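Next come two complexes built around chain A: one with chain B, the other with chain C.
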Partner chain A sequence: MKENTEVLKTLGDSILEYIKRKPAVPGAIAVTVVIAIIIGIAGGPAQVVNAIVAGGMWALLATGLTMILGVMNVPNFFHGESFMVGAYTAYFIFTPIHLYLMDNPNKFLSTIAPFAGFFAAAVIGFILGSILEKLVFYPLRSKTKERWVMNSFLLTVGVSYILSNGVNLVLGPNFRGIPRYWDVPPIKFFTIRLTVDRLFAFFLAMVVLLLLWYFMGKTRTGRAIRAVSQDEAGAAMVGININNIHTLTFSLGTSMAAIAGAALLFMFQAYPTVGLRPLYYAWYVVMLVGLGNVSAAVVGGFIVAFLQTATQQFFGIEWGEVVPTVVMMIVLIVAPSGIFGSEVKGIQEQ
Partner chain B sequence: MIKSTGKASTIARTLMSRTGFSSSGIILIAILAVLPFIPPFNSEYILRWLVVGAFMAAQAVAFDLTAGFINVVNFGFAAILGVGAYTSAILANTGPHIIVQPGISPWIGIFIGAFASAFLGFILGFLTLRLRGLYAAIMAWFVGIALLGLARTLTPLTRGSLGMSPPSFFDTPSNMPYYYLALGMMITIYIVTKLVTTSHIGLAFKALGQNFDAARASGINPTFYRVFNFTLSCFFAGLLGGFYAHYFVSMTPKAIMHTSKSVETLAIAFIGGRGFLWGGIVVAFPFVFLLEYLRSALPQLPGIHIIIYGVLMILVMIYYPNGVAGFITELKKKLWRLRKPEKT
Partner chain C sequence: MLKVENVDSGYDFLQVLWGINIEINRGEFVALIGPNGAGKTTTLRTISGLLKPKGGRIFFKDELISNLPPYEITHSGLSYVSEDLNLFVNMPVYENLLMGAYIIKDEKKIKQTMEYIYELFPRLAERKKQLAGTLSGGERKMLAIARGMMSNPEMLLVDEPSLGLAPYLVRNVFDALKTLHGEGLTILLVEQNVNATLDITDRAYIIEQGKIVLSGKSKDLARNEHVQNVYLGI
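Then we have the complex of A and B:
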């Protein structure tokens, strides 16, 4: 009994110590909870649930973005285009299956058909990431490391415009969307009506993040990735192939964005510039929590989602970009390395 | 007699180098000045491309002042240009669609717009003061997003996404006066930026761009120089925005303030060469011609010009970071070395 109180006391002390060291973290979480309660009172609990679903997706996007940033020091501007590619892939895989199922109803197939879309999006995203890494960033890396962060950022800007305009060229500017993945009635939970698609999108985001956490923490390759992000020269010295690790990290990040695009196809129809808003939100999260801080990006995703929902609730949908941007500008001025603290070396200096 | 002409020529040469004109530069400007009278270029259709070329070239020079010297890529450049355009357009408005009808002449409004943009640049300079490279670029990007959002949202003033149609500068349908106006603006912007960058201020810019901490340690005041740089660059952006408003006489927030417009300017400035200022001018004219030609020849391929911009920008950034201007400078040096032994 006495031991238990001792443990509790030390735990409380360490929490207090943490709060004293980083007062912004509990502050941000408290503000988010307050915003969530206000949204819940003003707009009904459905709004809160929607914000949580969106938060899961922004977390998935931001985690990929911040992982690329942390390991390779590449600030990725075409993350939104990876999202777009994922959305298109899911559309082109899912729609033919769906049309086939309209003629030949099959309960089992229609349950698993969306998974084919998600899986294809993940694979295509992975392939796209590896091709672009080998084609664009590998040559730059082998040429010069000078001003790497800024130069690679501008390269990603170029890639972003090539991808979105290339898709526009090939597939045209029309919107391609689906009403829903699963044709089942929404789940009722007290007064909240939640479609299965939304629920599954959140679930998928959490599963992917858990898998990533397992991969980064428990496997050899994951440990190698973390080693490269901490000290590239040291990692090379113990025999890690830096180039392969960079390609793998980049492809994983792109693949995660593509999964998000596929899972949100029922909300964001696929069209060439669909990635713009997801890109904004992913960057808001990354700037909010600090560059390269992977675990905090998950929390940041929810904070940004609540901020976005609150903006739409109280200012109207046309202010949806202005208010979060201004908030992020304030964060950048007050705490340039994010409220959770940055973990990336070498970005501040460049 | 011989001595005095020698003196005159040295004075002329120093004046030329101070204002940034080599003899080939003078020839280039002369060619550009007479171009609208030479047959393939004297049709109104082609003249319009020339105007766009001069406009893009001037933008690239103003953009390079920040990107090439203090090494901060201003992703909000187009948005700040748009602020100049909207200020001038609103001040010139006489129509009933907007709540204010000041009806001020565009010739005055363009300068008020430029000062509004300069003020925003001043604020942006302060906002990005503590931030380095990437952070400053992202801050400028966020400012650009916020300004674009504001232009869409403040519908009583800007009519939002419907766009505005401000009055034009000249009463003629000809593009000729606009071309000389754009060319004059381009040359003025170039001379002013060159005068600034060849003075000790330019040296301070370069020092801050290369190594911020070392520059600060050796007594350069980062606050003054960075804010001054942003203010000047954004002043020119606002001026060009005013030109856009009263030349194209139709504008929407997306067509003028979107980040993709900043990226187009960035691509031209970087393909031209960072930190050279004149690189953008050399690249802009052939580029605008090539791309406008592609656009008219291949209307079934929309957006192909942006893809070409992107591919060229990536190739230049990976394989030739100094761009076209760096290439020309190196070529000149090599030729000079070839010539020198003959002289002695």
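Then we have the complex of A and C:
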């Protein structure tokens, strides 16, 4: 009991300290809340809920992207393909179970089946990330560090093409989707009807982000990842194997994109170029809040989602991508390192 | 304990060190002195593995370390405090110290070392939760040395701790190094502050234009004519 209050107290202290350190974050949260209230009044609470669900997913995607950027200085443009791989993995794991369940109904198994899909996507994403890092980026890194950002960027674009066209070649361009993960009626909450799939996608994003937050803040390896992102030479000096940390970071980032792809399978379906829009949104978020700024990426995910929803509400659905892009351009002109400031040294130096 | 054998080193096509020989026994406090651009920092970077030597070999505790990556050299008990400190500026002081103890898995031991470090540098204990990037110059130096000590090293390489510090802070840093040496730590100190350095060290090497030109007991070197002319301005 006493321990609990102490934990809460230190948590409160660290939150206060954080607000003192980075006043832009609560400011941005306040702006987001104002936008949310406007949407709520104009379009009803259902819109707000939709925006929150989307925000959770963009946050998950952007966090993976910004981690890879912050630690390795790689502007990852195959993040969308990681999303796509996650979607396919979930589809191929979930559908057979689902078909089996149609003939042999089993309540327990039908509750569990989506988790199998998510978990498989996370694992496959992690493995894909490690393989690509060891196969593509590690050789480049050990060869030369010159023009690293540009070279690694071109490599990620190449990987993106190979992955999406490879999948196209093997599986074809058809859409593979599922109507829903859980066969239960939508939950009614006052006037809002919310499908369990959406609700769960949001909770999954939050759980993964919380786990990541704990991992990065409280564990030895997580601290090592942050150390490498802040000072590579210093990290080597205290005895951190930088290559392993790079591979781990890359795998984690890829895995997070794959989880997002799996969780949103009911919305996006799986096809070779499904990753394009998630990639754009992840980059909107990362550029908006500042490159390599992991905690701000979470806030940014919600900002972008609310912007999108507000735009669709007031200007019409076809403007949904225009306004976030314009906002991003303005941010790049006014505050090139993002509204919360960037923590990536290498890119600024180049 | 440390043996540098005929080491050539440098950056890309620029060779800085030409056949450096250094030998340091356990428990010694040795200085490496020389003018700007003589290769002092390059020597330390080469020993710590951040630079690969172009020729020659480096042994630590009779084991070849010149072909190891830097993190393995740290694991073998050699800790490097660099000139630009390489602190983790977005982490608070205590997390920097925890990172210093990265190679130690025993949490009890980490706690003990941390308490010892706080005793040695009370200033750091006061600033425990402050971000390293917001510390003053002197505090940063102390934090860098403290972080280097967190891995319980057998030998410490320290690069110009007095650079840019007010005289009384230099005293503080040197006192701390002296205390650490008194407790059995082997130290290789690179300095430009020759007077004070020769005062506290046992032995010294003088490096000029990438070559060791003189070496001997610090007391004798302080009386050496060349050293007096060039470094002490007597």
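Following the convention adopted for this analysis, the second predicted complex is superposed on the first by the 319 of 350 C-alpha atoms of A that agree within 3 Å, B and C clash if a C-alpha of one lies under 4 Å from a C-alpha of the other, contacts with A are read in each partner's own complex, and residues count from 1 in each chain.
As a convention for this text, a contact is a pair of C-beta atoms (placed from the backbone, for glycine too) under 8 Å apart; a residue touches a chain by one contact, two chains touch by 3 or more.
Because the structure is predicted, anything quoted here is derived from the model rather than measured.
Superposition of the two structures on chain A shows chain C fitting alongside chain B with no clash.
By the touch criterion defined above, A:Pro75 reaches chain B but does not reach chain C.
Of the two partner chains, chain B is the only one that A:Leu140 touches; chain C does not reach it. Once the two structures are overlaid, the count of chain A residues touched is higher for B than for its counterpart among chain B and chain C. Legend: residue contacts after superposition of the two complexes on their common chain; A:Asp103 is shown touching neither chain B nor chain C.
Of the two partner chains, chain B is the only one touched by A:Gly158; chain C is not. Applying the stated contact rule after C-alpha superposition, one finds that A:Gly166 touches chain B and leaves chain C untouched. Of the two partner chains placed by the overlay, only chain B lies in contact with A:Pro336; chain C stays clear of it. Look at A:Trp319: by the touch rule set out above, it reaches chain B but stays clear of chain C.
Here chain B and chain C sit at a least CA-CA distance of 18 Å once the structures share a frame through chain A. Of all residues in chain A, only 17, 21, 220, 223-224, 226-227, 230-231, 233-242, 343 touch chain C in the complex they form.
Within the complex formed with chain A, the residues of chain B that make contact are 71, 73, 127, 130-135, 137-139, 142-143, 145-146, 148-150, 152-153, 260, 263, 266-267, 270, 301-304, 306-307, 309-311, 313-314, 317-319, 321.
Against chain A, in their complex, chain C makes its touches with residues 48-50, 69-71, 74-75, 79-80, 82, 85-91, 95, 98-100, 102-103, 129, 131, 147-148, 150-151.
Those residues of chain A whose C-beta lies close enough to touch chain B in the complex are 75, 136, 139-140, 143-144, 147, 149-151, 153-155, 157-159, 161-162, 165-166, 168-169, 173, 280, 283, 287, 318-322, 325-326, 328-329, 332-333, 336, 347-350.
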